[in-house]
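Chain nomenclature is as follows: A, B and C, assigned in order of appearance, with residue numbering initiated at 1 for each chain independently.
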């Protein structure tokens, strides 16, 4: 149970009306009951707020709270920022007791700080270091020589490999895998991929030959305040470490191949894939299902829209879209033009007939 | 061992020839031995049936079974429907003994119905409710306060979070994750993504600022008869629950972000991603690798072909394709036109020279 | 610790300078210390080599090793091949002790060869056969009747289903799932997907109807020397087995649906998806995020660039790109032309005005 005054203190905003109102939980405006705090930080929620039964709400800046029949309200200038504060205050956190479950297996020389929780059946390798306040859930495995910082939250079934170095306040959702072997293979003789890249499409006479593994001698190095999503995979580097910079947040089912170096404060959305060897700057946002080819450089502050496929260098600050990636405004212009294309080709054909009497040429597919 | 008569009863179809024939298993026609029942429900399998050694077969409607030298046959009007019935009848199911393995850890207040099986090393949280007939495999974890309906089949290493509500006959393939935290972050000041969306490509002067998490206070609500594929991830909602409607089937490696509301009887194929906050109607089919941007509305009965990328509202009943999604027939016309485009631009250039003497303009890239 | 002479023997190449030099590890040239062996197999690393502190290096063919102030060097004609040999020699392998951990649960009739290691909490089903030298990590589950060949390396949390047949020297990265149920559903009456495919876009009057599962009676058959990446999923076949040919390497988060038959020595990169029922030849390379629709035939030696979407048959030896896939040179020409398209449509419109006075037709969207 919490009060409107408590939420106001969290937000650093004044209460309008009765601050002593108490709530069981936060709710969407339309389904809110009398014991719910309605979250209605945009005028779009006005109607829902009227149909719901909330006695109090968090409202958009400038909202006339009394017009909604509320007994109390707080207005906020930036909805999502308020959401961060409110949800953090109301989150009762994951289901973890303090202490190390008796079924946990810990290797020789491991250094587990005071106050760490480790759930059932977790397996911690030799010489692992776990910082204060870390919470490690059931079924997690951590390889030898790995260092996990303070206040980590490592959820069910996460796999962390050996020699990984992770900063403080790390969060890993269930099933994330940090430190699998890189996907790096080669052949005795030049292969079709190598030739195709040189010639942009001609691989000559291909031959059958087996693929030999290039082993991963590097590991993964992760800065402070990094989050990694469910079932995401981050591979070890070949010689140096794969790097994830401080403050970077990674969504579910993302693939970060070997030797990538991701900067700080990046946002990498669901199902993004980075093949390997790329350098990504700071505060870069890669939308869902973005793909990054290997050995690409992406500058600071780049924003890539959903499903953008990046095959070449991207300059700092660019907003890009499409396959292959171009500036977003160019991509949108190309999309509009391509929609008009079938009719335009007809118009072209007619025009050619009018001008020259030759109308067939453009109908041959390339 | 089973007989042709038994299969006929399953299918509700008459036997032609000897119904007492017995078989060890079903097989493809070409590789079938004398103790195999050949599945040859299309004329395309006719030749393979002749080269195989099957004594009996399931055949397409109207097939002349005696012409294949068979001793018995059943013809069926709809091949895939017959496949469903035959494979259900012959599936001996997963490897699970009745009972709760002694290594299972069950939290306080959990309510496990009679006849439930739980495999080795599973960890069940406090106050979890598991319905009758549920089978939970090894290494599964279920968070506190979660409700799992009757006759569930939850396979190895599935992670179900806390406060999740799941209907009857739920199936989760290995590694599926239900109820990870949503990927929802914000910044103190307006950020490059927000600006880029407003301006469609211009993010102004970007600044460095950290991402703050919006916590997930909601959970996941799943209807009856839902199936979830291997290593698929479904995130919790922010305030309300993420919803998967009754009868919806989800394939492997699918990402369903926070606050999505998926309707009933949908089919969501491999590697589809839904960013978050979208509403998907009933009987919607999303082909493999489809992407759905955030806060999109998709109407009932929409069919999206493989790799379609959906950035805007889709009306009920539309069949769509492409990136960005357009009606399938439009997409196919655009594809054909784009293949002709390189030559068409040459033709246009020549035509301009003919008409005006200016042939250079179209060669400037945008 | 290792010597330059040892590396030279591994590579089958002569030492230049002092072969007795000893090293702790291999390093990138720029960050190499005096006890590191610098890997600088391309002239691009020349400057970094000069700024680093390495006393010895592996260099590109023809490099003047003395000009870099080194005490010893080995030159190699093919950098990646040398990387494979060097990294294999220096990899001290995963963290696995010989023996079967006392917490491992093994089903009746399982046949575990001498010298096999199995990590904590693994669960091995009835009648499983594990070949000599196999190393199975913590939390792995293997279903009944499965056969795992010699010298396998099966990492943490891998799930192998029942009746799977796997050759020798198999490697599975953490979280890989071999043998989940195929995603195969059908309806009683013809459904919107089936109609849309026939009509290429028109599904008629769609009706609500539930999806019935076609069960997977087949399993998965994997040849020798196959590697499978982290969190990759490979589904069982419906009647026959899903097949992965000898020597094929599969990256992370790849989805291989039911009934696919992949040839030998293929390379399948991160996040590739194969829907089901396709036949892929030998030595095929599918770049990251490639998608393959169902029931497609892909010939030997095909190379598909990143994010290529394959909806139709691909002939042997083709190098393809794009959505939908076309020959790479065609795809690149289409990309260039589409970039020019917005201006070209303007030019076309002007030209029409000049010729006919009608400038509006091409502005109508289709």
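One rule holds for everything that comes next: contacts are C-beta pairs under 8 Å (C-beta built on N, C-alpha and C of every residue); 3 or more make two chains touch, one makes a residue touch a chain.
Per UniProt, the chains are A, B, C = UDP-3-O-acylglucosamine N-acyltransferase.
Every value quoted in this text rests on a predicted model; they were computed, and no experiment measured them.
**Student:** What's the contact topology between the chains, one of line, ring, star, complete, other?
**Tutor:** It is complete, because no pair of chains fails to touch.
**Student:** Between chain B and chain C, two touching copies, which fits better, same or different residues at the interface, with half of the numbers shared as the threshold?
**Tutor:** Result for this pair: different.
**Student:** In whole angstrom, what separates the CA-based centres of chain B and chain C?
**Tutor:** Once rounded, the distance between the two centres reads 22 Å.
**Student:** Mind pulling the residue numbers of chain C that touch at least two other chains?
**Tutor:** If we look for residues of chain C contacting two or more partner chains, we find 121, 139, 157, 175, 231, 253, 271, 289, 323, 330, 333-334, 338-339, 341-342, 344, 348, 351, 355, 366.
**Student:** In their complex, what parts of chain B are in touch with chain C?
**Tutor:** Residues 25-28, 31, 39, 78, 80-81, 83-84, 87-88, 90-91, 94-95, 103, 119-121, 137-139, 155-157, 171, 173-175, 225, 227, 229-231, 247, 249, 251-253, 264-265, 267, 269-271, 282-283, 285, 287-289, 300-301, 303, 305-307, 317, 319, 321, 323, 327-330, 332-335, 338-339, 341-342, 344-345, 348, 351-352, 355-356, 361-366 of chain B touch chain C in their complex.
**Student:** Which residues, counting only chain C, touch chain B once they are in their complex?
**Tutor:** For this pair, the touching residues of chain C are 105, 121, 123, 125-126, 139, 141, 143-144, 157, 159, 161-162, 175, 177, 180-181, 183-188, 192-193, 196, 200-203, 206, 208-217, 231, 233, 235, 238-240, 253, 255, 257, 271, 273, 275, 289, 291, 293, 309, 311, 323-324, 326, 330, 333-334, 336-344, 347-348, 351, 354-355, 366.
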